[in-house]
Every structure is written in C-alpha cells, then in structure tokens.
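For clarity, chains are labelled A, B, C, D and E in written order, and residue numbers in each chain start from 1.
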Amino acid sequence: MDWLIEQLKDQLVFSVVLSLVVFAAIMTAVAYCIYFERKISAWMQDRVGPNRVGPLGLLQPMADGAKFLLKEDIIPAFVDKPLFVLAPAFALIMGLAGFAILPWGGMVDLDGDGVVDVMCQVADPGVGLLYLLAVGGMAVYGVVVGGWANNNKFAFLAAMRATAQMLSYEIPMALVILLVVMTTGQLGLDDIARSQMGEGNLWHVCHHPVAFFIMLVTLFAETNRTPFDMAEAEQELIGGYHTEYSALKFGLFFLGEYAHMIIGSGFVIVLFLGGWHLPWVSFLQPEATSVWAMLAKMSVFATKIAAFLFLFMWVRWTLPRFRFDQLMRLSWKGLLPVCLMLFAYVTVLLYLGRQTDLMWTLGGNGVLILLVLIVAGTMGVPVSGRQGNLSTLPWEGAVRAR
Amino acid sequence: MGSYEPVLLKNRGVEGSCTLKVHRAGGGYAGAEKALKLSSDEVIEEVKKANLRGRGGAGFPAGVKWSFLPKDREKTILCVNGDESEPPTFSNRVLMESDPHMLIEGIIIAAYATRSQVAYVYLRVEFHEQFHILQLAIDEAYAAGLLGKDVLGSGFDLDVYVHRGAGAYVCGEETGLIESLEGKRGWPRIKPPFPAVEGAFGLPTVVNNVETLANLPHIMTRGADWFQSIGAGSSTGPKLFCLSGPVNRPGCFEGAMDMTCEELIYGDDYGRGMVDDVGVKAVFPGGISMGVLTGDELGMKMDFDDPRNFGLLGLGTAAAVVVDVETDMRDVLLNVSRFYSHESCGQCTQCREGTSWMYRIASRIAMGAGRIEDLDLLEQVSGRMGMMPGYSICGLPDGAAFPIRGLVQKFRTEYEEHMGRQRDGRAEAVLRVLN
Amino acid sequence: MAKITIDNQEIECRDGIPVLQAALEAGWDVPHYCYHPGLSVVASCRLCLMEMQLPHPKTREMGWAPKLFPSCQTPVKDGMVVRFDSGAVEQNQKACMEYFLLNHPLDCPVCDQAGECHLQDYSYKFGESESRMHDQKQVNPKKDIGPQTLLYSDRCVMCTRCVRFAEEVSGTEELCIVNRGGRAEIDIFPGIPLDNPMQGNVVDVCPVGALLDKDFLFKKRVWFLESGDSVCPGCSTGCAIRVDQSDNRVQRLKPRYNPGVNEWWMCDEGRFGWKYVHDVERVTRPRLRRGAEMETPAWESLGEIVRYRFEQQVDRHGAAKVAVLLSPMMACEEAWLLAKFVRELAPDATIATGFVPMVGEERCFPVGCNADDAKFVIRREKCPNGRGVELVAEHFGGSTCDFDGFVTKAGEGAFEAVWVVGGYSEEWVPKALATSLAKIEMLVVQDMFESALTGEAELVLPACAWVERDGSFVNHAGLIQPFERAINVPDGARRDGQYLFGLAGFEGLYSGARVRALMAEEMDAFREIAEAPRQPAHQH
Amino acid sequence: MIEEKDIINVDEPELTAGERLYLPQIAGGMRTTLRHMFKKKITVQYPEQKRELRTENYRGVHRLNRDEQGRVACVACFMCQTACPAHCIHIVGAESPWEDREKYPVQFDIDELRCIYCGMCEEACPVDAIELTPEYDLVGRTREEMIFDKEKLLMVFDRTKETKPRKNPKITGYSGTGCADEHTVTERGEAH
Amino acid sequence: MAWKTIDRNEPVVDAGATPVLTEAIRGKIESFFPRYPTKRAVLLPALHVIQDALGFIGWQAMKEVADLLEIHPSAVFDTISFYTHFWTKPRGEKVVTVCRSISCELLGGREVLEAVKDHLGIGEHETTGDGKYSIAVEECLAGCDHGPCLLVNERMHKCVKAADVPALLADAGNADHGLPRSDLFDGPVVDDDRDDGVIASTSDVVEMQDSN
C-alpha cells in the first residue's frame, strides 16, 4: 500500500492511473448515458423504458454493446473506405481527448503529510482552455469526415450542416469563454476553477448568468444535441451523417456523442459552476487535500456532470429541432451581438477593476436582458423561431382585401 | 222471358237425339244444304250480318274472323274448339250430348264458308262419353254422304276428324290449340302471324267454338234477321247459360242475352233460387276467368257488354257458379288460384311465376296464415299479368288476374277479418314451418 | 334503312330487324332473356316490353298505346316511335326481375356464371334489391345432361334459348321442355345425352347459370379472366373466338359474333381443342447441334448462327438447294417473314406450303341440311391458314410447290438446306419425309412437339401455339382475320413472329399489324385487312 | 374543385415579446416533461400482462369457420379473394366431396404478413366462413410460417370457437350454398 | 360429382328390348297418318292409342313412338309431360278421376276426394297395391251441374256424395258407360299381359313428379 502511494506520488504515474480510471468510468458512464437517455425519455412519455435486460433493465447497455459488436459491420461499396473507417474513431477520440484536462479533485496530499503531492488531473497545461477549444473544434471532423466518407448525398448534407453549425456556434462560445478568461486572467482549468472558491469569490455563474446561458446554448449546439441536432435529422436526412454506418462504427459515433456531452458538461461546470467546489462544505475547499476530500470532490464533480447530462436529456425530450435558418439566425443575430455586448461590458469592468463586483456584473447583465427584451419586443425581429416580417407577396394583399 | 223457345237445345231430352234420324226430323241439315247452294262469300256475309259473336269467351264476330283469311289461300283448316276447360262451363258438353249433328252441320257450313277441306274437332280428353257420341255421329254423317267427298252432292269435300286433347286448359286458346293439334306442347304462339294467316301446319286456320258453330245452321235456315231479333244491342242470338253451385236447379239453359244474373239464379225457367234459400255471397257469372260479382251486384245483365261495368273481363262462357254465404272465401281464392297455377303453360314469365306465387300465397291464407300485406301483394301480382296490358302472349293470365283481383278487392274485408282473428305471429310461424 | 324513334332519339337501323335488336345496336341496354339474334323469336320472357305509338282506333291520331309490346317481336317500321324509359316499362322490368328471382336459388357465390350472368346484371340494373316472396322456393333438380354439360334447373329462367338452339342451329333436338307452368324444366330424353358437336354453344346462349360447361366448372371466377380476341385454328372455317385466360393459362374459348363466318357459334372441337397449348412436352427452347453435342443457343445469337449456316449451304450447294416448308398453322405474317428471309439468302429457294390435315367430311349444321343452307360448318380442313400460306407462296412466286410435291422432291434429294415449319398439335411427319430429310446437311425444324424430324434437325426452334402469337389467318373463303395474342409464350421460348422478324432483317418488336402493313405494300390481298377494325362487341 | 370562396386565409398569431424569445415556452415545456417523469406509467408488460381489448370489433388473425359437421364452411366463391385489397388470399376451389355442397376450397391460404386486416373478406363472405378473430398476438419466425393455410385457419377456429367476432351484422337472406342447409344462415342472422 | 344430380346420360331404354308397341298398335297409329299433314301431329292420337292399349306410356313406348313418327324422343317426352292425361308409370285398371273445380268443391268435392283416398288408401296420382285403382284429379270434368262428379275410366259419376264412395268403388260395373264406340277411333285389342316388365324403369319420372 505504501509502495503504491509512493508510486502515486509521482504526478506522471498518478496521471496515468487517473486517466485509466477516468477512461473506464467515462466509458461506463457513456454506456449508461444511453440507458438513462432511454429511461428518461420513457419516463417523460409515461413509459417505463428498458426493463427487460437485468433488474430494471440495468444490463441493457451491455446488451446494446454486445449488439453493436456482434452486428454485421457493413462497409458499403461506394464509400471512401479509409475515411469511412476513420471517422467514427475520430469522433470518439476527439470526444475523449478533452478529459485529459478536466480538474477532477484539485490538489491531493496522498500520504496525509500535509504536503501536496499531486494534482488530481491528468494534465494541467497552462493553456488548458485553448486545448479544450482545439479539441472541441476537432470533434466536428468526426461528423464531417463521416458524412463525406458516406458518399451519400443526405449524409453529405448532414456534414455540411454540422460544419456550418459548428462554425456558427464556436464564435459565441469562444466569446463567452473569453469573458471568463478575462475575469479570472487564467487559462488553466484548475486555476479557473479555484478562482471561484475561497473567501470573496463566487461562481462565475453569479457574475455572468447571461454568459452562462449562452454557454449552455452553444454547448447544445456543439454536441449536436436537440434542438440543434441538425446533422442527424432522420426526417429529412434519413439519419444524417451516419446513414451508412452500422455495428461498432455506428456505436462509436454514439459513444463519441455522449463523451462529448460529458466533457462539455465538465467544461461548463469548471468555467461557471466552480468545478468540484461547493461553498460552505469544508472538505470541498481547495484547502482540503486529503484522499477522502479528493474522492468527495470527484463525486461532487461527477454529480454536477450527471445533473448536466440530465439537463441535456430533459431538453432533448422536450424541445423539437430547429429549422436550419432558425439555427443560424439564433447564432448570428441573437447570440453573437449579445456576446459582443457582454464582452465590451466586461472589458470596461476590467478597466475599472470591478470585474468581480457582483453589483456591477449583475447590473450589466440585467441591463443587457432588458435591452434584448426591448429590441425583441419593439423591432419585431425574433432571435429564434419564425421569420416574422416576410415581405408580402404581390397577390397576397388582394386576397386579404377580399 | 218464359216465352223463349229453345233452338240450340231443342232436341235435348228427345229420345235418340244423337241420331241423324232425329236431327233430320227436326229440320236438320237444311241449313247446310242452303249454305252449300250459296257461294262461300255469301255465307260469310250472312253470318256477318247476323253478327254472330264467338261463344268461346272473347265474343269476336265469327264472320269478321273468317274474312281475315287471305284471299289467295289454297288450303284452309277449320278447327273446332271443343276444349271446354273453363270451370264451371259445360254448354258444349250438353250441346254435343244432345245434338251432335247440329255441330256437324255447323262445321259443314263453316268449312264451306272458309273453304276448308278439313276440320279438326279438338275435343278435351275429359269428354269421354261425348267423344263417343260425336264420333258415332260423324261416322253416321260420313255414311250418309254428309261428310267426305262431295258433301250433299255439292262437289265440296270435307273431312271432319276428332282430335282429342290430353288435359290442358291452355289448349282452349286458339294458338295453343293449334300447337297441340300439331302434336306439340300447347304453348300459345306469338301473334302476329295470326292463325288466319298462318295457323295449323303453316296454313290459314280458323278456330271456332262448338257453340258458335251450332248457331250457324239456324242462321242459315232462319236468317240473320231472326238472329238479330233475339236479345238486344250487340248481344244477339240464342245463348247457352250454365249454372252451377248450390242452386235448386243447376244446369244448362238456353236464352237470350237480355236477362240479369239474378234472373239466371232465381228465375223459374232457370236456377229457381238457392238451395235452402241461403243468401248469395258471390257469383262468377262467366266462368271463373271473367271475375267475380258480390251478392249485391246480381243486377248485371248477362250480355257481352254489361260485365265490364262490374269490373269483369267479359261475358266469357256465360257459365255462372254461385257461392253461398256459408262458404269461406279463402277456399274460393285457393281453388281459383290453384286452377291457374296448375294450368299456366309456363311460357311467359309473369304468368308462370305469378300464378304459382299467387297460389302459394292463397294456400297460406287458406291455412289461416295470411298477412294483410299478402292481399296487397296478390293485387299487385295479379295486376302485373295478362295480355291486355301486354304482359303475356295469351289471355290465360288475364283470366287468372281478374278473379283473383276481384276476390281480393271485393271481399277484402272478409279476408282481413280472417286475418284479424288469427293468432299473432301465426303467419310467421307457418312460414317458418313451410320453409 | 328505317328510321325509328326510341326514347325521343331518332336512330337509323336495318330494315326488318326487331326493335330490340335495333335498340341494342344503337346502345340501349334493354333487358332480355329469350331473344337471341341467332334464334327464332318466342317473346316469352316478357322483359323487353316497350311502349309504342299507334294510331287511335277512332281518331287515327298517333298516341301511346295502352298496352306494352314485346320489342323482340315487333319489327322496325319506318317512322315508328317507341320508348323504354316510361314508368310502365320500368315497372314491368322490376316485376319481371322479381319473378325471375322468385325461385332462383341465389347461389351466385358458387355459380360459375356469376360475373357474366344476365340475371345478376339485370337484377342490379332493373330489379329491386329484395324479394317480397316469403314462401319456400321451389327447388328443381340438377341434371347431368351430357358429357360436357351440366343443367342446373333451379337456376333456369325458362328462356328456352338452349332448346331453340338444339332445334334450329345444331338441329339435333336433344333438349326439350318438360312439365308446364311453374314446374316447367329443361330436360333431355334420358339416355340421349346432349353430345352433338356444337353443344357447347348452349352454355353460351344460356343467359344465367343453368347450363354450365364441365370443362370450365369451378375452374375460375370469370372476373379473374382476361380476354384476347382470337381466331380458332381448329379448321378452315376460322371462327372468331375469345380466348379467356388467367395466370397465363387458357381457361376457355368462347365464340365472338362474326357475321357470315361463324355467326354466334363455334364447335366443340375448337372449343375444347386447346388443351395441347399447356402440354408439358412442348418444345420451348431452341436447340442447336454443334458436332455431336446439342446446346441451347442464346436467342440473341440465333440470327447470326442461322444466317451463317444457311449462307454456308448456299455457297456449297447453290441457292436452289434451299427450301422452306410453310405450315398452314402459321400466321400469314410469319409465313411472309420466313419466306422473305429465305428468299433473301437464296433467291432460288423453293417455297413449299405445308401439310394440310384433312379429316372426314364437312359437317353442316343444322344436321341434315346441305352446305348452302347451313348455319354452321365444321370443315374437314383441320388447319386455320391453308389459304394464307398459299397466298404468301404465290406472292413470292418462283419455285413453289405443295406438300406432296415437297415430299417427292425431298425424296429425290433436291434440297440440302431446309427449314421445316410444323406447329401441329398432333404427329404429322410422313415417314418418307423424315427419311429423306435425315440425309440433308442443314435442317431447321420449327415445331411445337418433338417429332421424327426434330431428332434429325440441326436447329430446332420452338413453334408457339396460336394463343401465344398474333397475326392473321385466311379462312377457307379467303377472309383475312387478324387474331391477338392472349397469353405469353412458355419460359425459354420466343414468339415465332419475333425471331422471324429479326431474321427477316427488321429491328424491334414484332406485331401482326406492323408486319401486315409491310405486307400490304406488296400484296393486294392484305391492303384492305391491314387496318381491319375490331369486330364490334355484340351482345351475347 | 376548390372554389375561391372555400379558401380561408389564416393569419399567423401575433407573438408577444416574451413569446418571441421563446424562453417562457421552453420553460413551460420543460416543466411539462418534468411533471410527466413522475407520473404513473401506463406501460403494459405485454406478454405477462394483457390488456382488455377496448373495441369489440378488433380485427386480428383470420379463421375459417366450420359448419355443424366440422367441415370447412367456405364454399370457395372467391369473394374474399376478390374483395381483398392486399391480394393476400389465395384459394383453389374444387368440386366438394359432400352431397349438399358443390364447391369447397382444396387450398385456402392467407398471407398474414401481407394482410392489412381491413375486414373486407369477412364482409364479402356470403356464408360467414371467413372471420377475423380478436386475436392479435401473431408472430412467426419465417415468412412461410405466416402464410396460414386451410388447416391452420381451421385450427384458429377451433381455438377461438367460443368468441363470436363482432362485425357488421347485416346479412341479406343468402341461402348458404343453394343447398339444403339453410337454417345455419337463419341462426346466424338471428345471432346478431 | 358428389352433390345431388340426376344422371340423364344413363339410358333408360334397353336397346335390345322387345318392342312394346305391337303391330296392332302401330297399325292403329299409322291409320291416323292420312288425317294430318305432318306425322308429328299424330303424336297425341298415338299417345291416346298407346295409353288405351298399354295403360301408360313408358320410356320405351316414348322412344318407339318417336321412331314411328320420325321425331326426336325428347319431343315425345316434352309433349307427354305437358299434358296431365298421360301416365308415364303403370296405372291401375280403373282410374278414378275426381273433379276439383270450384263447382264441385262448393258442393263437397273435396270430401269426395278424401273419401276416395281413404277408401283406396292411396294419394293422388298413385295406384293401389293390387293394381286395381289409381286416383287422379282433374281441374274440371265439365259436369258442374251434377257436382261433385268423378270419372271411373270413361264413365262419369254424377252427384257423388262422400258416403256413396265405398259402394261406388265396390261396384264392378262402375267403369262401363254402355256407349257404343266408333270403329274409326276404337283402340286396338288391349294387351292383358301388361306387367311384362318391359317398361319398369320409370322411377325417374316418379321422382320427377314427386319433386314437383
């Protein structure tokens, strides 16, 4: 035991072990995400959901996995074979790569000697945020490459949609992230998380609720979840980018999507909800560095992620899909101006040094919301939903006049 | 009319009336001799003048019928209709029984007038005794040179053959008779061509009733004016009336066509009233085919025209059957409808199916399982048959329609009463059993 | 031509025909059972009654007569005014239909006539939906009245068409009516069954399901049948027929009205003589001898092979050694195409007309009449197109001969390359021909069944049955009658016309009309028929 | 033909500012789905639990009825085959071996996979021989298995004899095969 | 065919059977030929002659008379079946024909018919076991003035009462009308040996008539 602890004191060893543990956990979580997705959708529709495999259907993910593994893996004759094989792997790998920098539990004092031995984080590059943005940006390639490799016009359309969508929502997201970076002055994720703890520090969501909301929206878009799942619209695109995929490859896309969701949730939690921190709980403060504290922190972090995942599913089974023009409009006409205004405002706050002053930040947000409502109410330009003021067609007036 | 002196039945009851001797003694064959001295057209003219209307039922003037024959014919066939199947008619029977030579004399005159060398007497098979009497008389006539080659020395040849039927009412219809004569089933033919143009064996044919022919000798001897003097209007000449049913004196009577039905039943010279003086409920005054009179309609005159005023088809054979008040009219309906369904020839749809349908309904009514709507049905079905509205080839269905429609219309209340007394649901129960 | 007015519409019609016939031809749907244009008029069903204008007996003014007249019995007269659309007429039709159905069993579901039954049609069009008779129906017995025919007396409407047919057309008189009134039935004298050579027509004339064909009994509901207008190949009379098929199998043949040829009738020989069409023994594939081996060449390559081999023979022995035997079972078009092909290859080739089977004597109906008065004749020449192939041979001229001449010449060794066409349903090859043709170098046999010749042939081609082809036959009197294809050829086979079309150098799909148009350019006889109108559909 | 007067123009409803933002609606939707999460579930655990049929005239697997003597009641009239819009019935008729009947089906196949359970066949049947039972659990492992032949259809009848499928009861007086057994029809006529 | 059909293909007349129409009968029939332009027209008289001689007209007689008149047997069958007078199965020595016309019925004809039936123990158109009597009914015997009436063979009995029936039937001379017969139309000598079994197979007709 001691030997083990000794070894773990080495950050590299710890990181390796942690990555293995996290990987295993994530994979399981992803599988159970599917289970819960189905359960929750069932519950929301007054059904019971999967309940045949194992007690309460708990073994359903195994069955699903086995099914994915055992089904015939078809590679259609007309596809671009290398890309076709590569795309699902890409989707999953890019999904999983983000986990490397999630801060799971802060500093840990493994042997209880009061000296912090390791960080409970696989890697903590100083520019973690940039890494995350890069990896997140790459994730779309899974979809794009898959759609392209399909050599199928519907899948290709899906890929194009995904590209455009990703492009449109990266910008608001980046701006929101920039807000946080500006507020904290940090790029490392653990640093950002810790900047929300301790005396006088609040979770960023308190300072930037609008930004948080925009972050959520862009997150949905980035992960291709309803109402932004334009890339896999069954009704229009017979499935979308994965039309031609079957068996394990299709399963990998599935896993990739959920991995993406988990990492995205973790990201938002770190940025806005204090990571593993809960106020007023002593061992969830950065000062608590014992192994038990680490475990508690990890649980809290996982719970927060779980809550987010629930939110994802809840939204999915509540809201219908956007139309593509609505999707674009929301991003370019809705989110982007608001983000820019926020950015400008925070810049001013930064100049004034009041970036963590609750009154200033919240006040700004309030004014912003008021502004948006006024604009939306008076100008009649919806940021989403129907295109209101279409120009009347020549004959329309005549018909109405009758 | 007690003063009426019988002409046609003058030899009835006379000893040996069937023999040539007795007939000759009463002035027999004088008419034939007179006719043979005239030309055939002159005979026809005389008969036309007398307006001798057919006694078989339709009342079509015999002389006119003869004049329909094509002028350029080579052979003509005379058919004598002795298929007297209409119930309750028996005047031909009486005529043949009492004076067969009068018929033979009439045949000679008619054959001469129509230039027929052969005459077939179509006799119904039920006339067994009459057949023998007539055949013996014909043998006698042949032996006396009245038939065969050179009739009465006039150079006119005539063969008379008796052709026996075999039990079919419809053979009394002239084309049915012709078919039967040709050895076929007695299905009436479609007209045109009329028998006068193309009849038996494809030759011009005249069909006359026995009673019609029996009048001819008297027209020849006494003249057309004498004939016109008996009776009135268009109904002239001696006529045989048959009376049957529960009357005191049923039988065949000769008289003029100026009496009423009541007179026929109650007259001293005729029926002499009902047995036990029961009331009259109904009378079929002209054979059943002509229709029915109620007890209140006895004032009908027994001539060719008046019956139509009482919803009857015509005078028919002037054979009246009286139904007394104690009779159940359901039985009468059953009997009448059974007769027609049994005797329908089966050619025309309305008659073939209609008569048997009416019989089925009538039997059910007689079983006490009638329904009110059956009466309407009977009326409708009987209204959908007959030659006069064009629904059939021959007149038999007319004869079926008139009595049944008459019975239903004139005695509807009685039938309804019977049905009213029936137990509820009896009709349905009987139907279920029958089916 | 008489002009009459029906339902306020003036029509022109032939003189002397019944009003009913005139109305039917002018498109009125007048119900009728007993009337049949080919039989005498009895006017007994009383369903075709009409109203007619007659002069008033006293005033002589024209007015509607108070009674109805049977339109089948009333001949048309110029200026006649009649109507079928009056209430009285319709009421009579309703009443009549009720009467017809009083005792009718309503077993349409198992009745083979259902679907082409006039009782059904008229009941639907002119009748009421319910019968008012509640009493039990009279059930007449079913009778087996002949080897081919069943009589269901219970379904009979006593139109007596069958009886009249047996009396007037076949003249055999087997059928009679028994009993009278509502108990009347059709019957035969026991032991003298209905088995004359035309008895099948009684089933056709029966407007209801009373007379049924045992051959077709329960085989198919008629609404599943599809029909092709054809011509009977049984003899040289050339009866116009209708081939009723379903699922690509012939189910029955029915005559079509064809004035002057077969009128409304056809004989049993033709009616039941199609069974060989579905014989499993038929030649359905081309067969080519290559050395000692037999192989099935692809249809596409056939033209090339045949052409090459014939050319080889022409080169080797000269064109005069080539001969073609045109079968009288072929259509004119096929004969023309084949002759054209052979004459192009070998201008001196002999065109022989094929074997004409002769059986017995000409049989005239009604039995006992002579040929001039006959209403129908079954010819002794048992092939449909003897005259047709003669016409074709005459047209090509040059060296032609008849079958006997061909057999003789073949015996003398006059030919080295011969194309023989058979297509008969029975064995036809004379021994002498088989032996002499066995010796020659190139023998093509186009036949329906294996024979002594197919064994010797270098190339065997399937000949298709006439129902699988289309073209035209020329009957004994020189009348050219086109016939349609009714069913598809058996698997593997191809229509004779189609491969001959290709051989003769044409491209695309063969059709009789198309080839007739080509023939008409050369042959006067085909000029008129080339655009022959279809026979007008006539009422039963 | 649509007339000008039949056309109704429907204007889009005016949205309020809040509605334009969609957020309140989204919130409402979220609330609804959340509420449903905790509602009683209506799922029926099918093979173990079976629900009562809510309609009387549910049309399930076909059956071929037998007459009193246990023979197939069908008279091979092909009415069902004719009426069938899915062309899933195939009959081969032949002369029946029984005295009171002329025709019977030697072969009677229904492709239950192709069938659309419209019930036209039982409507068309003049002798009430083919009926759709309320049985709905129709499964098979092969396509061949799902083509029900005469024996199988009669077996369905044997199994479901007791239930009387409810259907359009109007039967006009067809007398069976035209042969003697008319009372069966009468009985059926009364049963409805 | 399993269902019920009457097989009409089966011959009912044995081709080699001795003719039932004796020379006398044929001669009698042929004597009618000069009377009519066609042979077919002799059919009805011929049938009368045959029925008088043989008592009934069976299938074989029909066929033979058809041959004699040169018509198709079906035409004979057709005609015979149309008329009610002809018997196609053996009948009794005396045929009691009861009238059921309306006049007779009004006067008690129905009771007379019932009495005859009861007394002989047979129904309409049936023959007693001993072959003595058959019963027939007719629509009208034209004896309406003396109703109810009945015929015994050719003799008409008038004003018959139901009570008189036994005595009437017991009377040996009830069929004798005592009228002389014409030579021209008299039937040939009656063949006493009527039951020689030549025309036995009439069951078909029986069945047919029963079904009606």
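As a convention for this text, contacts are C-beta pairs under 8 Å (C-beta built on N, C-alpha and C of every residue); 3 or more make two chains touch, one makes a residue touch a chain.
Treat the numbers as computed from the prediction; the structure is a model and nothing was measured.
Trainee: Along the graph of touching chains, what's the shortest path length in steps from chain B to chain E?
Mentor: The fewest steps needed to get from chain B to chain E is 1.
Trainee: Minimal path length between chain A and chain E through chains that touch?
Mentor: Shortest path length, in steps: 2.
Trainee: Can you tell me which chain lies farthest from chain C, using the average of the Cα atoms as each chain's centre?
Mentor: Looking at centroid distances, A is the chain farthest away.
Trainee: Average the CA atoms of each chain to get its centre, and name the chain whose centre is farthest from that of chain D.
Mentor: B
Trainee: Let me have the rounded angstrom distance from the C-alpha centre of chain A over to the C-alpha centre of chain C, please.
Mentor: It comes to 81 Å between the two C-alpha centres.
Trainee: Counting in whole Å, what is the centre-to-centre distance of chain C and chain D, each centre being its mean C-alpha position?
Mentor: 44
Trainee: How many Å are there between the centre of chain A and the centre of chain B, using C-alpha atoms for each centre?
Mentor: Once rounded, the distance between the two centres reads 115 Å.
Trainee: Using mean C-alpha positions as chain centres, tell me how far chain B is from chain D in Å, no decimals.
Mentor: 67
Trainee: Quick check: what residues of chain B touch more than one other chain, meaning two or more?
Mentor: In chain B, residues 168, 185, 342-343, 345, 435 touch at least two other chains, as defined above.
Trainee: Two-or-more-chain contact residues of chain E, please, as numbers and ranges.
Mentor: In chain E, residues 1, 3-4, 75, 78, 82 touch at least two other chains, as defined above.
Trainee: Would you please name all pairs of chains that touch?
Mentor: Every pair of chains in contact is listed here: A-D, B-C, B-E, C-D, C-E, D-E.
Trainee: Please name which positions on chain B make contact with chain E in the complex.
Mentor: Of all residues in chain B, those touching chain E are 84-90, 92-93, 124-129, 131-133, 135-136, 138-139, 159, 161-169, 180-186, 201, 203, 242-246, 250-252, 284, 288, 319, 321, 323-324, 327, 331-332, 335-336, 338-339, 342-343, 345.
Trainee: Which bits of chain D are touching chain E when the two form their complex?
Mentor: 95-102, 179
Trainee: Quick one: which bits of chain E touch chain B in the complex? Just the residue numbers, please.
Mentor: 35-38, 40-45, 47-48, 69, 71, 75, 78-79, 82-86, 97, 100-103, 105-107, 138-147, 151, 153-156, 177, 179-185
Trainee: Quick one: in the complex, what on chain D touches chain A?
Mentor: 7, 9, 12, 15-18, 20-22, 26, 29-30, 32-34, 36-43
Trainee: With touch defined as at the start, can you tell me which chain C residues reach chain B in the complex?
Mentor: Interface residues on chain C, with respect to chain B: 41-47, 49, 66-70, 73, 91-92, 95-96, 99-100, 102-103, 132-136, 138, 157-158, 177, 179-184.
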